[in-house]
Each structure stands twice: as structure tokens, then as C-alpha cells.
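Across the two complexes that follow, subunit A remains constant while its partner is subunit B and subsequently subunit C.
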Partner chain A sequence: MAAQPQESAGAARAGESLLKVEDVQLSFGGVHALRNVSFEIRRRQIFSIIGPNGAGKSSMLNCINGFYQPSAGTITYKGEPRKQMRPYQAASQGIARTFQNIALFTGMSTLDNIMTGRHLKAQSTLVENALWIGRARREEMAHRHFCEEIIDFLEIQQHRKTPVGTLPYGLQKRVELGRALAAEPELLLLDEPMAGMNLEEKQDMARFILDVNDQYGMTIALIEHDMAVVMDLSDRIVVLDHGEKIGEGTPDEVSSDPRVIEAYLGTQQEEEA
Partner chain B sequence: MAFFIEVLVGGLLAGLMYSLVALGFVLIFKASGIFNFAQAAMVLFAAMFIAGMSGEWGVPLWLAIPITIVLMIGVAWVVERVVLRPLVNQEPIVMFMSTIGIFFCLIGIAEIFWGSSSRTLDVGIPRDPIFVGNMLFQTYDLVAGGIAVVLVLLLAAFAQWTRMGRVLRAVADDHQAAQAVGIRLSTVWVVVWSIAGFVAVVAGVVWGGNLGVQPVMVDVAFKALPVLLLGGLTSIPGAIVAGLIIGGGEALAEVYLGPIIGGGIQDWFAYMIAMAFMVYRPEGMFGEKIIERI
Partner chain C sequence: MIYRESGQFKTTYAADQAMLPILQDKIFVLAVIALAVALPFLVSNYVIQALLLPFLIYSLAAIGLNILVGYCGQISLGTGGFMAVGAFAAWNILTRMPEMPILVGFVLGALCASGAGVLFGLPALRIKGFYLAVTTLAAQFFLVWLLQRPFFVDYSATGVISAQEIQLLGWTVDSGIDKYLFALAVVVIMALVAKNLVRSSTGRKWMAIRDMDVAAEIIGIRPMMTKLKAFAVSSFFVGLAGILWAYLYLGQLEANAFDIYTSFDVLFMVIIGGLGSILGSFLGAAFVVLVPIFLNIVPGWLGLPLDTAMVSYIEVFTFGALIIFFLIVEPHGLARLWTIAKQKLRLWPFPY
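After this line comes the complex of A and B, so read on.
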């Protein structure tokens, strides 16, 4: 898998605008979680949102997928500015996501979890479902086949029937990615996909993310704290601090931006030193 | 010994009836975290409409039952629109109070239509006792128990093997994640309340066929409460097993303990079993253990 010339390739690969965030604000009571944040995600990009804890990264993701409604500003998705947006509507327009603190259906098997990701691709009605007739059966087979491919891709074949609650953390993260992929999203939101993983697990996850982006041309918006990972994977990075955008650019530009270094990378380097 | 088994089986079958009502509570609680106080009223509501339609309008049962099922789906839809949707994200206690409101509304509506007089409901299940060896069983109880078992198996199959079942399980597990994969919670509420309504129809027919249909039926339906305490609010197998324990225990206590303490045990014994149990397992037999971080 070719992962070397990310920066240059990224610029060349990037297609038209998929998601445009303009002057988005979000406040809870008197607390401003986001202030005038703007950026643009282009098709086929791996776009990272970084920043210290409490910078508003997850809030941004929650706005994009409809859990939060911005109090001001516009989010334009596929060329259309959207108004009130519920999470299921975002999902039906091709936005899938994973969560910072894994939100799997813990009582269900790996396969069932991934199958729920196909929810919006299913067309059979409740009655057909209940009686197990007509499209319901055919459809179920087709979805099952699709999900098996995802399971193969993520290398979790042997855990197919295991209740996900009993899987180790790293694998749960993988299942969650699988569930998001099952929806065949146009925009995939990953909230700290590598948090709490060991090096090997991180490498696996990075490989999956690159493969998804490469093979299916899926656009990915990513929040991640591991700077090495972010710099390696991203085509473009936006930096938030205290709800404000303090920098944006390619990994090279961002890592040499003095404001970013001061707010974020600087403290990181001090810690590491 | 024969007498013991006779009493026990009778009790177990009665217990399955409790499970039927408890099942309605569990379905709604699992999917939405709402303790639906109105479930007992839904049983009465369904039974009164079926008995009323067949008794007063001469609608045959095979038609009255499907009509009532459709009616219960309508109730589910109205409840979602008028009660659940405006109250979304409120405290559980607020939701609980609103279901008490629904409870009285349903009883009120049923009484407006059909009055509060008692009605018989002949569902065509034979009532002759049958003998197995020298033991005597009620055919009605056996058939009713069979219906309860079939219903539970159907529900389990629906939940396990259909897409909608998977959706319901997903919502029961994690609302947020369910929404993120594109599940509309409002649709799910309607479906869940409809299924609970369907269960209420079955319970109403079976109960009503046995004891007659009258507003007091609600009290019997509340026998589901100790079953829930014992089985846990989130477990379908729990509701079944707990129903059996309560039904069996109650019947045995009535016969063997009753004469000693002076009878009338059946009204409160179920709660005693449930409360004794709660001391040791507050989450119920099969309920999810709640682990809280401190």
C-alpha cells in the first residue's frame, strides 16, 4: 500500500468541495464551544481536526453529524447549505461516524453490529420483515455478503459471532469502524480512532484508514491526538484552540506555524522533552 | 404428590399470563428507558374493544382482533406524537408520570365507548378439565400457556433474525450510536409501542377470555409488577422465568401456607417474593447489573 507521498498526492487527489463549514458557532449557555470556525473538506481528502483537550473538536464533529445544531454559521454539504439536521438525516445523506468512547451495541455480535450500519441501505418494509417474505430475505443475504467483506477487510473474521462487549478495546474500535463503513458513507467522521491503542493497533488502524481512503476514495474527517499519526495520514489539517481556529494547512505548514506550535505542538514538545 | 403437581402447573400457567403483561413493560423499557405504567391499561383497553365490538356490534372475533391490533398501532402512533416527542430528553420520572396520564386516558376512552360493565369474552378455547393420570388440569390454562410460549418465541425470533429486530436491539443498547447509523428514534418508538400493543391484545384476549372483561382487570395486570421486580426490567427471559416463579410460588403458598396464616395470600405473596429477592439482587434476576463509577 502506497502511503509515502501523502502531502503532494493529497493536493492532487483532492476533488471538489464536499463539506464547507462557515463561521460556525456553538454555545452551551454562556460557554462558547466553537467560535467562527470555517474550513472546507474536499472529496477524497483525509482531513484532520486537531487541538488540545476542550478545543471543540468533538463539538465540531457533532455539528457535522447533527447531534448538535450550530447556533450560528452555515454548514454546506454537497453544495447545499443545510438547516436543522437530525443525526439520522445526516446519516441518510452519507455521513457515518465513530465515537471517542466507543459506542457499539455491546450486547450484539460483531456481525450484527456491522449489519446495523446497513440500516439505511435496506428497503424492505416492516411487514415484509416481520413475515420474512419478499425483499426482506434477499436483501438480508446481500447485506450479509457486504458485511462479510468488511469483516475480511478489517481482519476480524474469527470474532464474527462474538458479542462485542467481550472483545478487547482495539478490536472494538475496529468493529466500530466496520459499522461506519457498512453504510458506504461519502464522509466518514472518526473521533479519535486510535485513542488508547498500543503501537501495533495504531499501525493497523492507520493502515485501514489509508486503505479506505485509497481504495474507495472515501473522504475522511479525523480527530486524533497522536501527532505522528496525524502528520502521516492527513492531507490537510485544521487546528482548534478554545473553540477558535488558530491554523490550517498541510501537515508541513501546520507544524511550522508559530501559533500552532505555541498553542499545541509547543506544549506537546515540552512534555516530550 | 399429584395434588402438588396440579397446583404447581396451574400456578405456572397463571404465571405465564403475568409474563405476558410483563413482556409489554420490558419491550418498551428496553428500547426507550421508559417505564410504561400504561401497559396494564393497554391490556384492558384492547380487551374492552374486542369484547365490546363482538358483544355489542356483533363483529366476529377473527375480525375484531385484527381491528384492535390496528387500533393499538394507532394508539402507539398517537402516544409518540402527542406524548413522547414533545417530552424527548426529559427526566425518566417525567416520562413515567406521562405514562400514568396515558393509563387513565386509555381507561377513560375505553369506558366512553363500552361503559364500565363487565362483559364475557368467548374466545372459543374449550374449558373442560382434562385428566393426566389422576391429575386434573384446566384446558383453558394449558392453551393460554401455549399461546404465551408461542408469542414469546415469535418475539424472540423477530428480535434475533429480522432487520427491524436488530434495529430494536441496537436502540436498546445505545441511542446515540443508533442515531448515527441512521435509525430514526421516533419510528422505533412507534414500532415498539405497537409491539407492546400487540402483546397487550394477546394478553387481553387470553385474560379476558378467562376472567371476563371489566375495569378491575387492570388490577390483575398489575401482577406484572412483582414479575418485573424479580425478572429485571430489561430481560425478556427474565420476565418469563419470573412469571413462572411468581405464579408457581403464589399458587403453592395459597394452598399450603394459606390455611396456616389464614388465606388471602395470593394478593400480596407475589410482592413478598419479589421484595425478598430485591434485597439480594436489586437489578432483578436477569437485569443488567448497574456499575457506577464513583
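After this line comes the complex of A and C, so read on.
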């Protein structure tokens, strides 16, 4: 209901495996945030992770981009199982993300936030930057051009020079998406990109996500609570509850799975009632 | 909101990304530089030596500290110590290798300060805020103590160690005007360098670490490298300021001239002038240099001569009050007030 996909998402266009999560476990003291979770994300997919509050969804993304280290299990990215890794290493391998609670650089403008997201593509050295010679000047122009395209795409032209701290919530979420896109990631992790938005803003955001996936073939892992959005956008869904995977499949399969309905959709209906 | 002059539309990103995109600003800066060059010929030698020279050199130190504190969000109370390292390293290099061109000696001296900055910045990789402040405070005392060891300077012979005379391309920098112009050239060049850095990818990384280091790391910024670069660049500027202080202002090498009060003064300049602003560094330096003089002169005019003790109390009190004011009300300092004034001026006389 919230989103009108231009193209029905078909599992057929999914490509080779991009990320494989096998038996991943994560615990904080006594709390088991993730227990033996496994799934696989294929290229060009929009892959959603759903589940009630505290299910471990954000923790899963945090493991994928190296913010948390799983206590057991393996994560294989682009065919290579990986060991300990820092978030900046994940970023340089092509994983970008947005946060459940916006994490923008509040002292900087929209443009500077997005330009910062592009820094991995910047090669100019400190000395070149200091003297504004060589690659410094050239790259700055090229990156500015690229970032302006993102700004146009996200329809935030008039907020280009506004400090992001003063922007309304919905626009901040957009800028954060822009910052992630600037890195031209292969895998984009979106943690509740539509939380707290009104219907119109949600529709815009859904359109952006579909376009990014469609036009640039970017693989997306999405956490979202709005079931209508998830069912419309996703190629594949995994359902978590209390750190455990309780279901996986296409939107149709998941929405008719009795365990999922009981654990998640059921409780949500109760809350709404 | 208006942020551009009407009629001056930027048709290319290059034009929009120029250092001073607005024509009036460009004219203003050029006028200030022209005035700055003419100034020493209009005022007395005393004003040059006691006012203008310290102002320029402090501005350079404030730019350096602002890079660390205002742009990268780290803290340092070791400014004086790093200034001392710059001065003593340059002097030692130039004394031991008399053939070396003096400017090269200065750059090498500033690089030594850079090294010291990185060394004492290492704890910043693990600790933040208060603890980092304490570490850099320790650096301040340790460095000033270390530099007085006979290995670095031997005071026993004369008690005073003079700085070498600055000579380049046949120009001997000895009169007040010479010294002023030399300092001005260095400061203008270094201010441009600082401006280039903060508008480049280097500067954006610093600001990202300052605003939210967790998010910065997640978009691929390496926190350690970025912080250490800020310490290195900041200390380079600060070290260079120390060299100018010794060679131009004092004319001699004296570790105690770089005491903890120097560190605090430069920090005050950064806070009062504006965190994260190159212009603010100049405004802050002007303010801190001028206020004591103002306090000395004005009560006299008003027929209320104050004794020196009283003046220094008022001075401390004024700075204290201002710092609390700026930290709480306007962390962007005088530079921000200047921007607001400019925005008002752009709309004037139609405030809507």
C-alpha cells in the first residue's frame, strides 16, 4: 500500500551469490542477539530482514559491515570467507549502510556529507590537497559532479548547502542514503530507512530504493517494519525472532508461513488492535 | 535563506567551489592583504613589534590548533610545547648545518614539531576528551623540560642563545618592517594551505571524525590515520609559529617562552575566534592580543588609571567570561558573528 513498485520484483533476475551468512552467532553477555542465523544474498536482490523489536536485525547488519564480530559462524563476501574486520575495511570492499538512528555529520552541509561518502574514491594525497594541485583539483570537480547527480536523484537540490542538523527528519534520511550511494557500493545495507516517515515520504523513499536497485543494479539488504513496503519491494525475506531465523522465502511464502504469522505478524496485529 | 549574492549565479561547479565564491569576499580579502602590506609603513616600530608581529604569529598557531580542535574534534593543551619543538629543532638544524638555507631549516624544524605532535597524538587513538587533554598537558611540560637539556641548547656559555639571522635571496630580515613582512608572507601562505586542506577530502575526513567517529569509520574513514594526520598537520603549523616566535619576535631561543600560558592563550583564540574557522583563528588572535592593550589604555582615557595587577585580573576575568559565553552560546565564535553580520548586510535594507 505504501509503495507502488514500477516493476514486479522477480527472483529470476537475481544473480550470483554476493554475501553468505552461515550459522552466525552473536551474544552480549547473557543476551543472545543472534543464534545460528544463515542466509544468502544474491546480486541485484532486494533482500529484507524483518522481525519484531529486539529480534536481532540491526545486529545482523552490524555483523555484516564489521561493526560487531560474530562469536561463531562465517560470513562469506564475494566468495571469500572473512575473519576479523573493521568497518572501514568492509566499506572499502564495497559495503555501505544507513543507520536506524540517523548518523550524519551534523556540522557539515548536505553536499559535504555526500562528498564525504565519496572519499574512498579520492586518491589525492595530503600534500596535493594542501597545495590544491594535481589530483586534488581534478578529483574535487569529478566528485562534485557525481554527488550533484545523487542530489538531483534524491531531489534535495535546494538543501545542498544547508547544515544537515537543521534539516527535517525525512530529508536527513535521504541525505544519509545519498552519502551511502556516493561510495557506489556493491551491497547497500538500509536499517529502517522509512521509520518515522509519513506516507508520502515513504513512497518517495521506496521509489529511490527501487530505482537504485533497478538502474544501478545495486544489491540491497533492507530492514523495515512496514509490512506493505517490505512485501512490495523485496525479492526475498528472512524473518528473525529472538535472534533466531524462523522463516525465509519470497514475500508470498513468508506472509503465508504460520510460524511467521504467529511470531511476528500476529503480535503486530495485536498491538494495532 | 540567502547564501549567494544575487546576480552571481555559479554556472560551473569549479566556480562554486572556488575558495571565495562571492565577488565581494574576494575583493574584501584582497583589500585586507593590501592593507596588511601597507600597514607597517603607517605605524610606529613599537606597534609593529609589540602588536602586529605577535598577532600574525599567534594567528598561525591558532590556525594550527584549530585544525586539530575545530576541524578534527581532538584536544591539545600542548601547543606551547610543540611551538618550542619547532623553534629548537630549527635552531639545532641550522646551527649544526650552517650551510643549509634558512627556509629549509624552518620547514625541517616544523616537521620535527609534526613528529612530536604525532607521538603525543598517539594516545588519541585510544582516549578522548579529558584524558587526552591531560596527556597533551603532560607533553607540554615534558617537552619544555626536555628542550632545556644541554644536548639541545647549552646556555652555560653566554646565558642567551640568539636565533640566526634570516637571510634569503640577499634580503636580510632585521628591521621591524622586514620581520613583519616576512611573518605576513608565511602566514598568508599557510592560511591558504589550511583553507585548501579543510575544503578538500582531507578536511572532510577530519570533520567526519569530529562530528561522528562511528559513522565516519563505517563509510570507510580510517580513524587512526585521520586523527594522526590532523596531529601532524596541526603541529606543523604550530611548530612553524614557534619558529617565527623565536626568530622574529624574541630573537633568541628560550624554552620558557613557550609555557603552559601560551598553550592556553592559543586555545582561547580558537574558542573565541570560532572552532572550525580559519578566519576565526585570525579574529581570535586579534582579540586576545588586543584586549590587554585595550584594558591598559582605555581606563587611562577615562581618567580611571588602573594598576597593572588590576588590569591583569580584569583580563583573566574577561577571557574567562568570554570563553564560557562562546562555549555555551556560540561555539562558532567571532567568525559566526561575522557571518551573521554579513548575512544581515546582504539583506539590508530589506530584512525579508
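Criterion: the second predicted complex is superposed on the first by the 261 of 273 C-alpha atoms of A that agree within 3 Å, B and C clash if a C-alpha of one lies under 4 Å from a C-alpha of the other, contacts with A are read in each partner's own complex, and residues count from 1 in each chain.
Going forward, contacts are C-beta pairs under 8 Å (C-beta built on N, C-alpha and C of every residue); 3 or more make two chains touch, one makes a residue touch a chain.
From a predicted model like this one, the values you see are computed outputs, not experimental measurements.
Engineer: Should subunit B and subunit C be called a clash or a fit once both complexes are overlaid on subunit A?
Structural biologist: clash
Engineer: With both complexes superposed on chain A, which partner does A:R259 reach: first (subunit B), second (subunit C), both or neither?
Structural biologist: Touch status of A:R259: no partner.
Engineer: Touching A:M115 in the superposition: subunit B (first), subunit C (second), both, neither?
Structural biologist: Both: A:M115 reaches subunit B and subunit C.
Engineer: Could you look at A:K161 and tell me whether it touches subunit B, subunit C, both or neither (first, second, both, neither)?
Structural biologist: It touches subunit C, and subunit B stays clear.
Engineer: After lining up the shared chain so the two structures overlap, which partner does A:E148 touch, if you call subunit B first and subunit C second: first, second, both or neither?
Structural biologist: After superposing on A, A:E148 lies in contact with subunit C but is clear of subunit B.
Engineer: What is the contact status of A:R207 with respect to subunit B (first) and subunit C (second): first, second, both, or neither?
Structural biologist: Neither partner.
Engineer: A:R138 contacts which: subunit B (first), subunit C (second), both, neither?
Structural biologist: Neither: A:R138 stays clear of subunit B and subunit C.
Engineer: Residue by residue on subunit A, keep only those touching subunit B in one complex and subunit C in the other, then list them.
Structural biologist: 65, 67, 86-88, 91-92, 96-97, 99, 103-108, 112, 115-117, 119-120, 122, 124, 126, 129-130, 132, 136, 139-140, 179-180, 183
Engineer: Would you mind writing out the residues of subunit A in touch with subunit B in their complex?
Structural biologist: It comes out as residues 65, 67, 86-88, 91-92, 96-97, 99, 103-108, 112-113, 115-117, 119-120, 122, 124, 126, 129-130, 132, 136, 139-140, 179-180, 183.
Engineer: Which positions of subunit B touch subunit A when the two form their complex?
Structural biologist: Touch list, subunit B to subunit A: 158, 161-167, 169-170, 172-174, 176-185, 191.
Engineer: For the complex, which residues does subunit C have touching subunit A?
Structural biologist: Those residues of subunit C that touch subunit A are 1, 3, 13-14, 17, 193, 196-197, 200-205, 207-208, 210-212, 214-223, 229, 233, 276.
Engineer: Per the contact definition, I'd like the list of subunit A residues that touch subunit C in the complex.
Structural biologist: Residue positions touching the partner: 65, 67, 86-88, 90-92, 96-97, 99, 103-108, 112, 115-117, 119-120, 122, 124, 126, 129-132, 136, 139-141, 143-145, 148, 161-162, 179-180, 183.
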